[in-house]
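Below is one structure, written out as structure tokens; comments come after it.
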Amino acid sequence: MKVAEVAGTVVSPISHPFFDGKRLLLCDLIDPDGTVGGYVIAVDVVNAGVGERVLILDEGSSARQIFDVATGPIRAVVVGIVDEIA
Amino acid sequence: MKVAEVAGTVVSPISHPFFDGKRLLLCDLIDPDGTVGGYVIAVDVVNAGVGERVLILDEGSSARQIFDVATGPIRAVVVGIVDEIA
Amino acid sequence: MKVAEVAGTVVSPISHPFFDGKRLLLCDLIDPDGTVGGYVIAVDVVNAGVGERVLILDEGSSARQIFDVATGPIRAVVVGIVDEIA
Amino acid sequence: MKVAEVAGTVVSPISHPFFDGKRLLLCDLIDPDGTVGGYVIAVDVVNAGVGERVLILDEGSSARQIFDVATGPIRAVVVGIVDEIA
Amino acid sequence: MKVAEVAGTVVSPISHPFFDGKRLLLCDLIDPDGTVGGYVIAVDVVNAGVGERVLILDEGSSARQIFDVATGPIRAVVVGIVDEIA
């Protein structure tokens, strides 16, 4: 998993039906010291807000299990909110 | 997922039969600020045009589910058109 | 697999229930000569301490087999403590 | 998928039996403008020659389906010859 | 697959039982021109020695098939010794 900071939400009106009603977050991947290194678009499951530090899990099988679906075009998910790294 | 801009179409007359009749798009991966960082060749499912910003999902199992096939040599798919990131 | 050095633990009170009771380690990926190159958040199974050199396996199916679960949102695991590279 | 240029063939007399009788190609990954960015060793299925531009699919499940085997140590395959990108 | 040069062996006395009795090799990934670009820790199946050029396959399903196990925490395997690239 990686740590990321939520930077915004993605609006994609023309998309695969799987994404209907799901929040897509633009997440800046960050190093533990806070520097930014790329980004990923992830589906939210912990109701994270812009500016929060989150845990990103980027694997299709994990993602489908989280949504309890056998099939679904999904790979990256926000699985946790980071409180502290110590 | 990643955001990309459609840069062109790929013509591959000698290829695996799975690709017959499918549109292959050359997609420049972009950062949210618009800078380009590599590319991917993806199969189109939302009828995206050159110059449009799209969502790229890059995972084989997801891709096969989108085309409703159990097998098929495919990994990257254009799954949405991006309207806004805010 | 990669070699990493345990740099700390991650506290994520709001997260997927799978992570309840599991130790999440911040692991700095290192080259054999000791230089740092990125990091990964991994679940611990060998009780590694901060400062120890460890083996990181980063694949979902492997990770779920280690925890003996058919499903679970997990990908990276600390699978060994490195004694020597010679 | 990625675009690559075939740079040579790999001779590996001591290898897993799966590779017996298969052509292993050294493929330089290229950007659409022609610059080289790394390489991959891929199994050929379209009889590509040195210097030709090809499509590389890099996923194990796809690769095994192409060879119609349930198991097999394979991941990258040359799945097409690129005629034009426009 | 990638080409690598075996640089050493990894001693990990505290590790997952799957690795008992298996040789773990530190493999420097190399470009065809010989420059080094990162490394990977892989399990050996062709009895490669330090200094030899080898083929690395980095995919979990392939790796488990090579060891004929349905489960096992493994991803990268040395699958061949490279004689020549021409």
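A, B, C, D and E are the chain letters, set down in written order, and residue numbers restart from 1 in every chain.
Going forward, contacts are C-beta pairs under 8 Å (C-beta built on N, C-alpha and C of every residue); 3 or more make two chains touch, one makes a residue touch a chain.
Values in this document were obtained by computation on a predicted structure and should not be read as measured data.
At the chain B-chain D interface, residue numbers used by both copies make up under half of all numbers present, so the two copies contact each other through mostly different positions. Centre-to-centre, using mean CA coordinates, chain B is 32 Å away from chain E.
In this assembly, the C-alpha centroid of chain A lies 20 Å from the C-alpha centroid of chain C. With touch defined as above, residues shared between interfaces to two or more other chains in chain A number as follows: 61.
The cyclic arrangement of chains, taken from chain B and going next to chain D, is B, D, E, C, A. Only residues 7-16, 19, 24, 26, 38-42, 60-61, 71-76 of chain E touch chain C when the two sit together in their complex. Of all residues in chain A, only 1-3, 31-32, 37, 45-46, 55, 57-59, 61-63, 65-66, 77, 79-86 touch chain C in the complex they form.
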